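In the two complexes that follow, chain A is the common piece, with chain B as its partner first and chain C second.
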Partner chain A sequence: MFRFKYLLFILFSVWVVTLAQEPSGKAIMEKALNKSTWKYMQGDVELILINSQGQKRVRKIKMFSRKRNENESDMLMRFVAPPDVKNIAFLTIEHSNADDERYLYLPALRRVKRISSSGKGGNFMSSDFTYYDIGKPKLNDWTYKRLEDEKVDGFDCYKIECLPANKQIAEDTGYRKIIRWIRKDVYVTVRSKYFDNGLKEWKILEVPEIKNISGVWFQTDMIMKDIQSGHSSEMRFTNISVNKKLPDKFFTKRFLTRLR
Partner chain B sequence: MRTKIFLILFYFGLSPFVFPQNLDLGGYLKFFAHPNLNSPYGFNRLGTRLQTTFSYGTDNAFFFSSLDFNYEDTSVLGLYEEPRSKGMTIYPVEAYIDLYWENFEMRLGKQFIFWGKTDWLNPTDNINPWDYKNITSEIEDYRLPVTAIKGNYYLGDFNFEGVWILHFEPHKIPVEIPKRMGSLRVENLGTVFPANKLSNTEFALRISSKLLNIDYSFSFFHGYDKNPTFKFFLLPFVQGIPSYLQFQTTYEKIDIFGFDFVTTKDKFTFTGEAAYFSTQDKDGTDIYIKNPNLYYVAGVNYAASDDLSLNFQFSQRILFKYDKSFEEQQWLNTTHQPHKVDEKTTSTVTGNIQYSFGSYTSLMLIGVLNLKDKDFFLLPVLKYSFADGVNISAGATWFGGPEGSPFGRAKKDSKAFLEVKYSFSL
Partner chain C sequence: MFKLTKWVTGSPKLTISIILLVTLFFGYNIKNIKMDPDITTSLPKNIPARVLYDKMNKIFPSKDFILIAVESDSVFSVNFLATVYDLTKTLENLPEVYSVMSPTNIKVIRGTEEGMEVKEILTAPPSTTQEVIRYKETLFNSDLPVENIISKDGKMVGIMVFVKKNIKPEEAAKHVLDYLETLNSPYHIFASGKPVLTLYLARGMARDMGLLFPLVILLIIVILWLSFRSLRGVLIPLAVVLISVIWTIGLMALLGIPITHSTNMLPILLASIAVADGIHIVNRYYDLLKEYDTVKEAVLQTMTELNSPVILTSVTTAFGFLALNASNIGSVGQLGQFTAFGVMAAMVFSLTFIPAALVLLKRPKKIKVRKNGLLPKLAVAYSEFLITKRKYLIGFILIIIILSVFGWPQIVLENNSISNFPEDHPARISYENINKHFAGTTFLSILVEGGEPGAIKDPSILRKIDSLESFLKTMEHVGSTLSLVDFIKRMNKVLHADSDKYNVIPADSVWETGTDWVEENGKWIEKPVKFKVAGKDLVAQYLQLYEMSGKPEDLSNLVDYNYQTTRINAFINTESSNVLREIDRKTREYIQTHFPKSKIELTGTSELFLAINDLVVSGQFNSILISLLLVIGVTSIAFRSVRTGLLNGIPLLFAMIFNFGYMGWFGIDLNIVTALTSSIAIGVGVDYAVHFIHRYRYRLSEYNEEESVRKTISEAGVPIVINAVTVGLGFAIMTFSTFNGVKHMGLLITIAMFTSCFGAIAILPSIFLTFKPKFLKEKRGE
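On to the complex of A and B.
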């Protein structure tokens, strides 16, 4: 009898220790969000827009980004191709406690226009990615539940269900639920499923390629498929350079109009 | 002509040696047809344009130029019944050099400088003239470049800007000079432009900055009103009765003090712009020159979704030292004809709807309505992106309203337009 109790105690202890070692959904997300250490980043982006008939349009963009602090960053993008949108430039100055500042330079009008930040759910450059999708999510905006682990393309992944922490987040992002697959070895999201406000499956993100650049893991190829509309968009990153300092004045209206 | 030849030589020949790095070549080829809607002429314009752009840059300097080769089969621009161009014309649209320092920049040459933060109506935008006869989807068709030197000094959030405009360019406005006014014959004395001398050059200053979430600027312009002033002289009297009228077009000096702002809140963008026009009619006694006036525009833009944005603006011009009955009487005394004079206050509303449907099609509708006479201007533009770099635009500039009202007078200028544009980059 004593032996049995002893055995039961040992088994229980092992189970508790094992459970304690298994990270929670939130801990996994926290690690995934905070793993990157870059402050400055620049690179070339190829954005491929594919409509429901399979017609393709390709936009080439130069992108520059910097993190001012944990929750605020600046991003400047300039179109390189096709020629009818060449030199259109876009600047976002993020604020954690106020509306983001967004400026658009339209060379055809020779004007910098300030535009409203139509919510994080607004489409990025007419693609199926939203500004929220390409930005860094805030940990506390969501609640997390760990689901059963799965493999994606042969890699072990954590599977996390993310629910908006409040109604505002759901409205801002347009997502009522997100399920993420995060690779266990490098803590990078390699697949996501997005659900609309009616909890209907809306979009699927596939990440065919990730790369380690100067010690930072980047999703260098991302495909977002809108299941409801049949559209899809692909973002390919090349020539990524990390932590090469960019001057403060770079992220200003002044530089937005510079064609070089 | 010599200047043009020099510019073209510079454009093709010298510039690559001056700026050997980072050569960039591009441009567009465009077919355009502008059928008239209320005119005996079939087309306002019909032709093809090749625009080539060349740019070269280094970290400290940048050269940009765009040159138009315009072949027009039909063109009835300029004054009524006066052909402005037919056949081939070659002209530089822009040609400038940028020089960069740490906190200072300069741009020298033929350029566009647009100020103001509201849409379409900009009281503080007084540097580049308009070509009111050629409003289409392409801004370089209806705005005219100026030869200027522009400097910007940046200090923290402040931008100090100075512009020196070397040569006066007026608006291009359709003007029909009457051959008779009532029983009187009208003799046109022509147009008197400001003499080309240093004291007649124009300049503008602007300070821009940011306070909390508001971008704002103060500006000042000293130069000439780009709108013409029409003067009538009653000459000579024969037995107490005037025999004919003399008519002259002049351009008057003006100082303009401006302010504008823009801010955003959620999906809304709020804009405002105001300018005080200090004219040569300081005491309001000259009936030909516009009285000193305040012109302001307040607007709100709502980005309803990624596909739909709505803009509404209210604007008002208030004349100071203005007595309508005095003006009417003075006109009668001068021309022996009753004349429709300005109201002390004129109010206008504008709306702008932009809607994208599908991935490649968008519709824009701009409307301007003067509240007193209910005269209006409409500009619908439908754009379709046929392929990357190939765009088709169709639309119309439609003027309407009672005879004698500002837009009613321009009914003849209503036209449709169809443009096919292929942009390229080499």
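On to the complex of A and C.
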């Protein structure tokens, strides 16, 4: 009897140890989502849009962001270049239980205009990134399956297949499937493949550069390519600083007009 | 030449084996033949209209669209809108489709309390009558040009399906039409637009190929049977026809030359022409059998006599076809080149295959004896008429010529890809229905270039576009226009409290009122301000606002990514080249007087049609001239006399004069297909004059003029008439085509065969008898 209990204990321990060594897809994702993060962040963004003919639009933007809580954040972006859109400012106030609020300040009209929310699946700044892509996904919106590990740019990565937990998620995001490559050493996504509602390959995210700034990992260069349309978008971050407190009024409609 | 005949009759089996082996090779290649029904692809790459069109298609992602019209008594009802909504969604997901614009998915710019939204008009089909009413209001207050998505009488909705530019339009049309077929919809559905027309053109061409070629072969069999009443008399000339067609189509397949609206007629033309030599050879062979003991001797004698006329008539015919290259329209040139190749191939087979086959076969038991039939008697009576009463004939000819010349000014130069289809053809019914009720499926694009990147955002350029657009709309057949300006005006209005006063392009510098937040006594208050702003910044920021609300390439079909080049699309409800010409002329005039310094260019399918039209006219006269010169040149060399060569041209000239007169009087349009008639008719029709003059000179060395004419009429006149009737009937098969253009062409060539034959046996002897030309008596050449 005693021996049997002993045996059980050994078996259980082995199981636990194996589990620890070989985390499940969900566990990896959880770790990736919950690694150390920031409350305030600011930096410069260069947004480069390239159409299928190779023509480019380049926007230079100053970006400020704060996390109100775990799932909601605010973001303020101010155009620096090109000159004809200079000083346009864009504010998003995220709501987890309602549509996000999005405001655009047009200096030519000196008015703040609300932009209708096209949902999380809407295109962020008319790029190939959707609001969903640049936000933080909720762990339980997806189900995860670990695929065989692969290397990306020489780094060992977990490869995880994410399927929408319900139809609503698929509809909101536009994705029926996402495959993510997450670096084993730092738990940062360095490549993603997105599949549309017909399960056809739609977009590929490549992350040529990640940086650790004050203990937080950032994807400082992201290229999202729409395979179907041939359009692609790149976001490059520079001068990132973390946890420099910004006043609350910074993320209000009223303050948009003050940014000159 | 005689050496060839000797070799061929010496090793007949080897000759036939070689020919059949090569035929097998070409026949195998036919499976690779491609079809290209799109007329516009045959335009030369280097002409300005084409260069511009290609340039436009490099800038913008889609060029062709299919317009699908769905008819209902109650368009604005829950059920019907649900159908349209679903149909739109499905069409959007077809792999060939770039985008879809329908009343249920059109992007509407709406002013909201705090700003502006750009959104598809429906996120779900309206489910109550209340929602339908609201939907209808939104649609008609959107300031969007709805003329192509809601019919004028409100009984149809239009769905514009833009095809990806790397997809063949006819393939996209096929997929869409097949899908519509499977719907089994209770509503009437029509589809038109260039891709659909191209598809129907391809189907008509395939039908023509499958129907007309067998018909020609059948006709040839009947004529051969009537002429020879023997199996070999049918099979040997028929083999020449089939082998030359197989070689020609096989060669086209090998070289990757597609079957087009022009080359589609090649098998019929070639078959009708290729049979003629065989008839002459077999006919002469049967005659000579009576005089010779062995088959081989008879064959050798036949070929000795006929080698030269066969070569001469084939070469002139080939040159006539080669003259089609003067037209500059690629596919027409190809028709010329490959028919010429086929004619030369048929000549080679007539000179090799026929004698080889005849030598291999035993002497026939029964030899057809020529009876004194009706034709020889008629010939005798006719030559007496010529000698004694030819002044009546000459008078008759002159009257015909004068009447014909009066018909010329009535010729209408008109290319219309719609009236090419018969009235009850689905392509035409759909096209006419759709173009009657919607803005139109033909489009004219006006390309406006601004210079440096961002130039298009400049209000001064936008205002030009705006006035040009208003001008276009004043023209009768222009149903609607669409440009970037429509969006900017709408945004200007929406962002100024929906005031119609702002439904304009902003001025270069504008006074705006806005609000500033200012801190006063520790409090934030909103303070109204008035300020001046550059119109260009206003436009740029509207566009930024629009972009932020939509997808990256929402406007890409109207303006390039750098805002350097934009286009106005004008939708036109006709394919008539004359109407398009008028629109083109007026538009250019307007641009010239109002914006003489701007870089504004016209392109689009309508401009391609016009370019084809121009090439047809210039090509028409060039190729008539060239083919006449070639034919006269070749016959001059053959007869060693330029004057004799010129004589050969006279019956052809008469045939041309008559043909154009006929076109004028009977309202046959001069278009891309009927324009081919002349060169072909010259090349083929010269044979009759060649035969006639050849025989006349031969007789003139022994007899006086009158007796020579008698002999020539009875010896050469009869075979000439039989030849003309055979070839003419062969061409007449084309009147069974699907297309009115081809029908007309068949009719015109058949007429030309008869008139050039008439010219040879009536005008030539009249000249001989009246002027008694001396040069014909000079020593015989060849």
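To be clear about the criterion, the second predicted complex is superposed on the first by the 239 of 260 C-alpha atoms of A that agree within 3 Å, B and C clash if a C-alpha of one lies under 4 Å from a C-alpha of the other, contacts with A are read in each partner's own complex, and residues count from 1 in each chain.
Rule of thumb we're sticking to: a contact is a pair of C-beta atoms (placed from the backbone, for glycine too) under 8 Å apart; a residue touches a chain by one contact, two chains touch by 3 or more.
Here the structure is a predicted model, which is why all the values come from computation and not from measurement.
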item: Simultaneous placement of chain C and chain B on chain A, clash or fit; value: clash
item: Which superposed partner A:Ser126 touches (first chain B, second chain C, both, neither); value: both
item: Chain B versus chain C as contact partner of A:Pro107, first or second or both or neither; value: second
item: Partner chain(s) touched by A:Val58 [first = chain B, second = chain C, both, neither]; value: first
item: First, second, both or neither for A:Asp84, with chain B first and chain C second; value: both
item: Partner chain in contact with A:Ser116 - chain B first, chain C second, else both or neither; value: both
item: First, second, both or neither for A:Lys184, with chain B first and chain C second; value: neither
item: Partner chain(s) touched by A:Ala98 [first = chain B, second = chain C, both, neither]; value: first
item: Which of chain B and chain C A:Ser233 touches, first, second, both or neither; value: second
item: Chain B versus chain C as contact partner of A:Lys244, first or second or both or neither; value: neither
item: Single chain B stretch clashing with chain C - from 112-120, 166-174 or 184-192; value: 112-120
item: Footprint overlap on chain A, comparing chain B with chain C; value: 49, 51, 57, 82, 84, 108-111, 114-116, 118, 123, 126, 231, 254, 258
item: Chain A residues touching chain B - in the complex, by the definition given at the top; value: 49, 51, 57-58, 81-84, 86, 98-99, 101-102, 108-111, 114-119, 122-123, 126, 231, 249, 254, 258-260
item: In the complex, chain B residues that touch chain A; value: 22, 26, 28, 55, 57-58, 62, 64, 105, 112, 114, 117, 138-139, 152, 154, 159, 213, 215, 262-269, 301, 303, 305-306, 356, 358-360, 385, 388-391, 421, 423-425
item: Residue ranges of chain A touching chain C (in the complex, touch as defined); value: 49, 51-53, 55-57, 82, 84-85, 88, 90, 103-104, 106-116, 118, 123, 125-128, 198, 229, 231, 233, 254, 257-258
item: Partner chain A, residues of chain C touching it in the complex; value: 58-59, 61, 93, 112-119, 454, 457, 495, 512, 514-517, 524, 529, 531, 533-534, 536-538, 540-541, 544-545, 547-553, 556, 560-562
